[in-house]
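Pasting in a structure now, in structure tokens, and then I'll have a few things to ask.
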Amino acid sequence: MTALRNDLIYLVVFAVAVLAMPIWLAPFGAAYPDLMQKFAIYGIFAIGFNILFGMTGYLSFGHAAFLGVGSYAAVWSFKLLSMNVIPAIALAVLVSGLFAAAIGYISLRRSGIYFSILTLAFAQMSYNLAYSVFTPITNGETGLQLALNDPRVIDRALFADAPGIPRPNLFGIELGGYEAFYLCAVILILCFFVAMRIDRSPFGMMLKAIKSNQTRMAYTGFNTRPYTLSAFIISGIYAGIAGGLLAVTDPLAGAERMQWTASGEVVLMTILGGVGTLVGPVIGAVVIKYFENIFSAFHMAKLEDIFSFLPDGLESFVVSIVSPFVGEGWHLTLGIMFMLIVVFLPGGLMEGARRIRARFGGGRGTGSKAHSSNPAPAE
Amino acid sequence: MLIKKINRRVFLQSSGIVGAGLAMPMILSSAARAQGFCNNPTGSKVVFGFNCPQTGAYAEEGKDQLKAYELAVKHINGEGDGGMLNTFKGTALKGNGILGKKVAYVTGDTQTKSDAARASATRMIERDGAIMISGGSSSGVAVAVQSLCQDMGIIFMSGLTHSNDTTGKDKKKNGFRHFFNAHMSGVAIAPVLGEAYGKERRAYHLTADYTWGWTQEESIKAATEALGWQTVQTVRTPVGAADFSQYITPVLNSGADVLILNHYGNDMVNSLRQAIQFGLRDKQVNGKNFEIVVPLFSELMAQGAGDAIKGIYGTANWDWKLENAGTKAFTKSFGEAYGTPPSQAAQTGYVQALLYADACERAGTFNPEGVVKALEDFEFDGLGNGPTLYRGSDHQCFKPVLVVQGKEKPKDKYDLLQVVKEVPTKTVTYDPSIFGGELGPVGTKC
Amino acid sequence: MNAQTKPQADSATGTAFFSVRDIHAYYGESYIVQGVSFDIAEGDIVALLGRNGAGKTSTLRTLARAQDPQLKRGEIWLGDLPVHTLKDYQASQSGIQFVQEDRRIIPGLTVEENLQLSQIAEPKGWPLEKIYECFPRLAERRKQDGVTLSGGEQQMLAVARALARDIRLLLLDEPYEGLAPVIVKEIERIVSQIKELGITTIIVEQNAVAALELANRALILDMGQIVFDGTAKSVLDNPDLRNEYLAI
Amino acid sequence: MDQLILQLLNGLDKGAAYALIALGLTLVFGTLGIVNFAHGALFMIGAFCAVVFSRLLQLETVTIDPARLTPWGSPMEVRTPLVQAWLGDFGAVLVQWSVPLSILFAIPVMLIVGVAMERGLIRYFYKRAHADQILVTFGLAIVLQEIVKANFGANPIPVTAPAALAGSVDVGGWLGLSGVFYPWWRLVYLGFALAVMGLVIAFLRFTTYGMVVRAGMEDRQTVGFLGIDIEKRFTVVFGIAAVVAGIAGAMYTPIVSPNYHIGMDFLVLSFVVVVVGGMGSVSGAVFAGFLLGILQSFASMNEVKNILPGIDQVIIYLVAVVVLLVMPRGLMGRKGVMEN
């Protein structure tokens, strides 16, 4: 009973934190719709990735393929059917699920790094083909975009044409910045809830058992494939939803979403936040997207502005110290942060949170321990 | 089926009541909508957004471009030596900002990826209130950001983008391009090639396998075939291949005597150097010297290619060694500030920023409606390229195109290209309808 | 029944030849060796006995300074050398040689290379010629891949590897395990040779009777602790003890 | 026929580069059990060793000549190269041959970089999850890249082969065919790569040190119980892997102009090569490197592309999938290595 109540509290706290992003992110300069949408969308992507990697221990290096496929499906839905997001998301789920089923079916014949390379190979093939040969479907490098003369058969049948390219909508509510953010936020909370239910279900227990002892389960003649494949498909669908939402918030789908760097990014998000934890991947996603969007945007003049309260000599000194780490040097900061976190917080940022709680919260850890299990060594 | 076509607006309003619960946050954004147009500057400042690649293969071009934008902002605000503002004929700018407002700017990293570029442009628009976005170093990104700006009601002054699509198939009412395009490159370079290499040539194309490469291949092919050349083969190469040997060796025995490299950036540096290592330029085919052509050149890439570019023909939008007042003024202020001559990526960015500022000043408003009107069919001079027209029907600039050649004996590492010919505007002007696309209405709403 | 451990003092220095003081070791989170103490005099052959899971192998591995289990508390002294501060290879260099269970012959290396491996680090023990003299079977197969040997030959090779190093204390883990009775005889012959050489030895063996026949002392472990310390004979003579802790 | 020979040479050349990077990667896997995402960065650092070395040889003294002006009006700088000033013609020869000579410079540098990396960071990750290893080495790779970018810019830097080896040579003449020309430097690279691979394999196969390392790869614990400090030897192996990657990078500069990103571009491919070859198998990595290089070259031929458009872009991944499905541990993988 208490476990259930704790989960409920956990979910409510999470939901409030997500919905209140526009308020508490404001001091960090991140409270604008596009970035908050990205936080939510990549949070979904990372939660889904964690269902596979965190629970079963299978490290997919090609998960971006499902994100990309989801985006293409959603944009095609906008182009052919309707600007309503429901069919778009539904199509993204369907296509990414099928795609994940096919790739997962083949890749899961192997485990360990061999599995990782199989998924990587499939994703890279998808990327390379989408970039060039499949251009009629994907519009290659430029990316698939909406056009004035798209068929949009459902919309055209129901409504009179408005001038310009319409925006995605939810039964008439046009999804501009904040509306789209709240849509993403609600879906994120739903996805979080589903992940939590999976985590606590017998199915989730089975996945974790597979992670902790693959060989023993194989010896006992237990067939783990249906479980891992289901986890793979679920996590592929999460990626597909994320991809679909990317298209909803910004109706354009590019091949680079499927490149290995994009697959690597979600791996980094998950590890950074805390593998095997529920909220860790979301935090990882937020941190990486924050760096990408905020740290890259500093430039000399802005730094001088920020530090202008300092005396002149000191100001130029501080600016010269800081400037290599922001603007064009934001990758450097990201790299250093990866190293520091993994060296000092082996369980990711969630491990840090747990340590802080252990230090200040004493032994009271009510149920919180359940949410922050250390990743088991992969050997 | 008796479905009455409902007026979209009415439907939106009625369903809005249903969605009222969800729509609470709309109050926040509706404030922005009440401005009349997106990001209407109300204070003493107006914000420009400069969206350049700062990581990835084009980081160096992005860096150069950013320097030029900084300079442009200074000059518009009346700081520094004024640069091209002094040579910009008949400009309404007075060196006190725009319409009495000082120009501030924000920057972002496109990473040469459409997603990242759109995200950073959105940040500049949504968070920082940018009224105009400029910059970029690849066509895919330019097209992606241009359509975003159209949707968000912001003016996009593109940076280095050479694909025909930017002001062709994918043109937008809110997007303007100062840089030339592949079609103009083809028309400009073909006669020079004909003169240098003769009318009976057999060309082999290696083309970067994405939209820019294709449009350039198409344009160059059309222009050279009009000259009487034959096209032996066109081969697509994957982007970022690094080693092109497997695409270069078939050239030798194909019967071709000219290799045309539709590559840019690292691909160009590597494919050109490797083609020369394979001895292509030492060969005689069909009784003629084998030649290599790189239709789009850039100084920064020429630096990367080193000796390989000697004697190679290509085209450029601008060169710092041009003998005109605008070029001299700009090269002087850029060189003084940063110690190097500016690249064409820098110049096009600088000019775009000035042109936008001037258009606002002349229109008397930052409203895209007015700015678009002020830029369309605007004729200007003194910005380094000679008399130029911003054509209203496709938002493409028309000005002379430079045919350049890699210098045999460069004086220093900035003196790599020499201008062989300035092809007059009349020759490179084309009918806008050939590329299709439509501009659509001006976007003003966030 | 808990016999008090009597420090058997070395006559010269006043400390034992080999002394284990209250060691605690863990595999990850699981607490395996829970405060083991004993002393050994030079030349002793000690049988370390106990039921499956009593912690025998873990104790032996701790003494050999394996990375797992991890020693978290306690001291191990070889004369005046603090073994508990050493790593596995340093323990071997100071004379503690460990013959692991399953022999652990290295695949891809010949018999001779397996032996050579023992003579990389100083101080060395028997030269290869002497080993081949003692184990003619190994001499015959010196060029053969080590893992292709029979189980008994592999055990020989494993012991030979230890002899090729300078031995002050030999730790033998399950030397008879998985071997046919005929071969066990042969290994017994080797172990009694070791005994004749006067090498101090701790032997862990499922076959307690065989071990007790060799040993002069016996230690019995249960639940990670020493529950008996006495002569080998006293164990053989005490059916209750054997029944309770050894199930023989 | 000519085309086939040329494509075979192209494939061998490509394969040589893949194999050299994969070789070090697989050694590090096999010994330390580390998934090293910074291995590509080592290749990149090696390439920049060549750049730095040639710049050192071309160090100049700069004097200001107030009589001449740059186009933006500041006084012109006059540069005199130092090495030529000291050594005369021999200095010019050194500058000419800077790429092959840079190997001498790269070896100590890479050894130091490799050992520092292993002792300073990697060794704390032996027992950590592979995911952690990936994160920390990826972070390190980014940091190394950014340092290079901050100092050398993002543009590719042209590096030239010695003039004597810059042109093409008539390979066909050697084989009794006519007109099959191939760049000298690529042949040099192929020979160099074969030599390096031969040396590494011989070192592992025929030296006592190599024997110990092989034993350690199989069973590091037993080797430890035999009194050998295997960690120290693995550190040396890491250093060797770094040197191999580094000199592979240095010698590759005349073929592909180095920029700060060059290592990352090779990284994913080299992982595929390692896995196709079989984790921890040195000969597997070499074999797979050449195999994939050659297949990639042949798949790029117009005759093939006309039948299967885009095949040149996916062939490597396609082969990887097929190999892994048919042979669970790659071509020459050992059982139990990195399967979980």
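Per-chain numbering from 1; labels A, B, C and D assigned in written order.
We adopt the following convention: contacts are C-beta pairs under 8 Å (C-beta built on N, C-alpha and C of every residue); 3 or more make two chains touch, one makes a residue touch a chain.
None of the values given here were measured: they were computed from a predicted structure.
> Using the touch definition from the top, how many steps at minimum link chain B to chain C?
The least step count works out to 2.
> Of the pairs C-D and B-D, which shows more C-beta pairs in contact?
Between the two chain pairs, B-D has more contacting C-beta pairs.
> Average the CA atoms of each chain to get its centre, and name the chain whose centre is farthest from that of chain B.
Here the answer is chain C, farthest from chain B.
> I'd like the Å distance between the centres of chain C and chain D, where a centre is the mean of that chain's Cα atoms.
The answer is 47 Å.
> Averaging only over C-alpha atoms, locate the centres of chain B and chain D and give their separation in whole Å.
So the centroids are 36 Å from each other.
> Cα centroid separation between chain A and chain C, in whole Å?
54
> If you average the CA atoms of chain A and of chain B, how many Å lie between those two points?
Distance between chain centres: 33 Å.
> Provide the list of chain B residues touching at least two other chains, using ranges where the numbers run on.
55, 59, 63, 209, 236, 238
> Which residue numbers or ranges of chain D touch two or more of the other chains?
313
> Would you pick out the residues of chain A that each touch at least 2 other chains?
If we look for residues of chain A contacting two or more partner chains, we find 128, 131-132, 331.
> What is the complete set of touching chain pairs?
All touching pairs, sorted by chain label, are A-B, A-D, B-D, C-D.
> For the complex, give me every residue of chain A touching chain D.
These residues of chain A touch chain D: 53, 57, 59, 106, 109-114, 117-118, 120-122, 124-125, 128-129, 131-133, 214-215, 260, 264, 267-268, 271-272, 275, 324, 329, 331-332, 334-339, 341-343, 346, 375-379.
> With touch defined as at the start, can you tell me which chain D residues reach chain B in the complex?
For this pair, the touching residues of chain D are 2-3, 6-7, 10-11, 13-14, 17, 70-74, 149, 153-158, 160-161, 166-168, 181-183, 185-186, 254-257, 259, 261-262, 265, 296-297, 300-302, 305, 312-313.
> For the complex, which residues does chain D have touching chain A?
Going through chain D, the ones touching chain A are 33, 35, 121, 124, 127-132, 134-136, 138-143, 145-147, 150, 268, 271-272, 275, 279, 309-310, 313-314, 317-318, 320-321, 324-325, 328-330, 338-340.
> Could you list, by residue number, the parts of chain D that touch chain C in their complex?
Its residues touching chain C are 208, 211-212, 214-215, 218-219, 221-230.
> Taking the touch rule as given, give the residues of chain B at its contact with chain D in the complex, in rising order.
Interface residues on the chain B side: 55-60, 63, 209, 233, 235-236, 238, 240, 242-243, 245-247, 249-250, 252-253, 266, 269-270, 273-274, 277-279, 282, 300-301, 303-308, 320-321, 328, 331-336, 341.
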